[in-house]
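Next up: some structures, all given as structure tokens.
The two complexes that follow have chain A in common; it is paired with chain B in the first and with chain C in the second.
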Partner chain A sequence: MLTMGIDIGSAACKSLILKDGKHILSKEVFPLGTGTSGPNKVFEQALANACLEHKDLDHIMVTGYGRFTFDAADSQRSEITCHAAGMHFTMPKVRTLIDIGGQDIKILRLNERGKVESFVMNDKCAAGTGRFLEVMARVMNVRIEDLGALSMQSTEEVSISNTCTVFAESEVISKLSTGVKLPDLVAGILASVAKRVASLAFRNGVEAEVGMSGGVALNEGIINALSKELKTQILVPELCQYLGALGAAIYAGKEAL
Partner chain B sequence: MNTLDMALQRLQEIAANPRKILDGYLAQGKKVVGCFPIYVPEELVHAAGMIPMGLWGGQVTPTIAAKYNPISTCSVMRSCLEFGITGKYRGISCAIMPMLCDTFRGMSAGWRAGVKDIQLAAFIHPQNRNDTYAQYFLTAEYRALAARVEKLTGEKVEDDKLSASIEVYNLHSKTMMNFTQVANDHLDVVNPIIRHAVMKSAVFMPKEEHTIAVQEIIGELNKLPKHDWKGKKVILSGITAEPNEFLRIFVENNIAVVGDDIAQESRQYRTLIPDGANPWERLSGQWMNRWGCSTVHEKQFSRGKMLVDMAKDSGASCVVICLMRFCDVEEYDSALIIKDVKEAGLYSLCLEIDQSTQNNEQSRTKLQSFAELE
Partner chain C sequence: MSEVKDTPIESSPLPAPKPKRPLPLSRQMVNEQTAKCYAEAWAAKENGEPVGWSTAIFPQEVCEAFGVPVLYPENNAAAISAKHLGDPFIEHAEGAMGFPINICSYARLNMGMADVLDNPDYKADPAMPRPDFLLLANNSCTQLMKWYECLSEALNIPIFFVDCLFNYYEEEPAFYKVKYVRSQIENYIENMEKFLKRKLDWDKYLEVQKRSQINCQLFNEIVDLNRRTPAPMSGFDLFNYMSCLVLCRGKESTTEIFKQLKAEVEENIKNNTSTFPGEEKYRVHWEGIACWPNLGFNLKKLKEYNVNAVMNGYVTAWDVRYAPGDLDGMAKAYQTSSTNSLSTPTIMNKRVDSIKNFGCDGMLCHVNRSCKLMTFHIFVGREIVESNAHIPVANFDGDQSDTRIFSEAQFETRLQGLVEIMKEQKEGAV
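Entry: the complex of A and B
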């Protein structure tokens, strides 16, 4: 049985093809989110990677912010449910899952079967999200993917006191104008994101092991800052960016039966 | 369309079209008094032969109101001020405002400065209700409020008529609480959107008329066989739980509302006006008996336990906090509610309500994820 999961996020799209609910045949990511050509691109490319056609798939499930907008989908589920399934597939011992997406943060408590026991999400605020990092990277004129490496060069973290993205942007500009070192400023920004995420995590309760999903999990600086805040090492699966799509593919298999 | 459908549709239309209803009253030569949320003694207005209409703002992105109310103000107050300034409330004889939270202080100044054609009658509820003089104060405050409304409208509040109005309001409150019970046996009919419409329409209609309408609905529901709801059941808490696009997410995810502590809805009706000889003291006595509300000071926080009890009594597995954006008093309570709900082994969800945006996607994700919990 071949199933595809597609995670249409606000900032990026991810797809993954699963064989018999166990073997990953193909995966794809594209840095464009819902309302763009991103969903079709990851759909077609994942098929091409595995030398498959649409008709070969038994079930397609879509998750993520744009889950209601993909016409080829057979069904949809929330990203919370799908990320949980994806994390359990890759790291079954994880009991606390942190997902930092383009525009929201989700903290999930999982049971031993990988089912969601409770979750919290941020409200309509970009603080601590991937969008926050994008804005800060733009202001500092660095690539978002370089933030982690830059933060590792820091010798004296610069504190960012504002949580609000708009206010924090002004604060970063102000700090830049005073001549602070870029790595120190980046470290401060990542620490502010970690504090925001940690405060949400504590609201839901943190139980080891703690894993992280989403594209932001690729940022080593965030992982370090968050591990420090939560006083536990954050585990990052190799497929961190694809966990939503993976979970959707797993559920697609269950629905196809 | 059967009798029940027609009755429900009528209340849905009224809830969705308050301006049309206001125009209807004005065309009939009736005077209308606007009543800000919450706990305005509408009985005074009713006794004076006028129509009290709730002022709950609406879905709008305020522009002119920003002159007086910053963006970090409760969105109900911002939209009310926007509607006041832009003439959406034109025709109302005056507006009564309770100073129940800090936002009302700024709001009263903004209203007086920005809304030229609708005079304000403001009053204060005493929060130290253990003090013997608290009720004396409120009784005097209600008399002063009535005098102010009389001056602004030219309509008198007589004691005997006030006593009669109190009976009208008590009957209405009992009817509304009865509806919430009966509705729980018919969740296939009374979905969250319809339930809300029955509740919200009350703030725009004369209470005796609304009582008859709801009694008819109750009667028709009681003729139907009880429905065994298979989806999830929740209790709603907050200031408002709207618009319909927000409530539709509940419907789409098979989530039923089986009780509420919404200020626009049941919270107003759960405390009856006590018996007594003096109607003014009866009215003030109702405030002394109110509890479990973010705008009512209590020595012991009771709202969490109240919500837990409501959930357990109605078979709900979750308390959904519909948190009005920038509502400080509700935000203070929410942390304690979540703690109490969690300790009781129930689930809690916090959904943000903001009249200035139509985007409910985060609420959708939260509700769908809750519905998907196994």
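Entry: the complex of A and C
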């Protein structure tokens, strides 16, 4: 049985093809989210990677912010349970799952079967989200994927006190104009995101093992800052970006039965 | 030519609108009662008689016995918001009047309205006439005190104030607190007699007390009928009928409405039908005030996901129960009917009991930007609910009147996530 999961986020799209609910045949990511050509691109490319055609798929499930807008989907599901299923597939010992998405932060508490016992998400505010990091990277004129490496060079973190994205942006601009070192500023920005995410995580209770999903998990600097705040190691599966799509592909298998 | 004219494509380019389901008789009666209340207030105004504005849970028995019309700004703001007519008043309050976005949106809406009452183009639906006095009890929150202080100053009218006390450690207020509130009610009656220049008819007052108890009891019985699975009512109906207790708790017309409603609900039970427009696969407990401007969207999504919010922690706030004639009992009831005056563990354990009684599979909490008192307990309280009632809880952001806070996508994701968890728990997959 071949199933595809597609995760259409606000900032990126991911897709993944699963064989018999176990073997990953193909995966694809594209840095554009819902309302763009991203969903079609990851759909076509994942098929091309595995030399498959649309008709070969038994079920396509879509998750993420743009889950209602993809016509080829057989069904859709919330990103909450999809991320949980994806994480359980890759790291079954994880009990606390943190996902920093483009506009959502999710903290899920999972049981030993990978089912969600409780979840909390951010308020309607961009602080601590992927979008916040994007805005900060842009104002510092660095690539978002370089933030982690840059923060590692910091010798003296410069703290950012504003949580509001707009005010934090002005704060960063004014700090830059006072000549602070870029790595120190980046470290401060990542620490501010980590503090925000950690406070949400504590609200839901933090139980080991703690794992992280989403593209932001590729950022070492965030992982370090978050480990410091949560006082625990954070596990990052290699497939962190694809966990939503993976979970959707797993659930697609259940629906296809 | 006549052929062309007769083709449906030519003659009806737009599909006919879906016919609306007629309102049940009880709802029509609610609308009539509300319209009558407003009409009486306007008529009194035109005759030079006094009209009051009151906080939502005030000893209404006194003015009812005096026969003085009273309207309720919180109830009025809710009605206006549900019709999406609140924005201009809120904008006026924040703009020309300078009130900050952080205060209660009912207060902003009402103060914005109060400021334009004398404008020749003042229009609202429903529109309240200019008040001559204010009735204020701080049993649901202390923000009301500043709100009414502003009104009193702006409109140059007196406030009759009943200061209720917070109950940190006890569900039953201590005797000295009861005495304190009782003495204020007595004082209020005296002052109202002076203000109106006539004496209270104590027999009438007792009658109103009796009527109020009958109405509260009837409403409780109706709410209790929703324990049945599937529920005979959409839980959101309770928000509509609850307004009778806010606006007309001491009136006989409310008794008639509740009797009619009870008969309709019993009929639903008999026929295994419901006013919930979908299939009830999940039952949730709603926490907090409704998002009035988004009520339609919320209900549409609840229906789509087969979720009936069968009960909520808000409708019991007007369950002001006491033995008629017992002033101590009345003082106690007005201090505690709103759970806002209780500690978080007390509130949440009441919710746990209700969740169990109504067989809820989950809880949906409105994190209300305006109403801090009906929101802050949610963050700690969810742990109490999860561990004592063993059900999942989801929060969403919203506001009772401010249309800028609610996000449709966020609401749907949280609801869908909750439904998926409830489904897995029901299927025993957890």
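Heads up, the rule we're going with is that the second predicted complex is superposed on the first by the 257 of 257 C-alpha atoms of A that agree within 3 Å, B and C clash if a C-alpha of one lies under 4 Å from a C-alpha of the other, contacts with A are read in each partner's own complex, and residues count from 1 in each chain.
The rule is simple: a residue touches a chain if its C-beta (ideal position, glycine included) is under 8 Å from a C-beta of that chain, and two chains touch if they have at least 3 such contacts.
Keep in mind the model is a prediction, meaning the values are calculated, not measured.
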Worksheet, complete the sentence: So, after the overlay on chain A, do chain B and chain C clash or fit? They clash
Worksheet item: With the two structures laid over each other on chain A, which partner does A:Tyr242 touch: chain B (first), chain C (second), both, or neither?
Response: neither
Discussion item. Going by the contact rule set out at the top, does A:Phe132 touch chain B (first), chain C (second), both, or neither?
Written reply: neither
Fill in: Dominant toucher of chain A (residue count), chain B or chain C
C
Worksheet, complete the sentence: Shared chain A footprint, chain B vs chain C, residue numbers 65, 77-81, 104, 115-116, 118-121, 123-124
Worksheet item: In their complex, what parts of chain A are in touch with chain C?
Response: 65, 77-81, 104, 111, 113, 115-121, 123-124, 203, 205
Worksheet item: Of all residues in chain C, which touch chain A in the complex?
Response: 367, 379, 382-383, 386, 392-395, 397, 405, 407, 409-410, 413-414, 416-417, 420-421, 424, 429-430
Worksheet entry | Contacting residues of chain B [partner chain A, same complex] | 323, 325, 347, 350, 352, 354, 357, 359, 361-362, 365-366, 368-369, 372-374
Discussion item. Considering only the defined contacts, which chain A positions touch chain B in the complex?
Written reply: 65, 77-81, 104, 115-116, 118-124
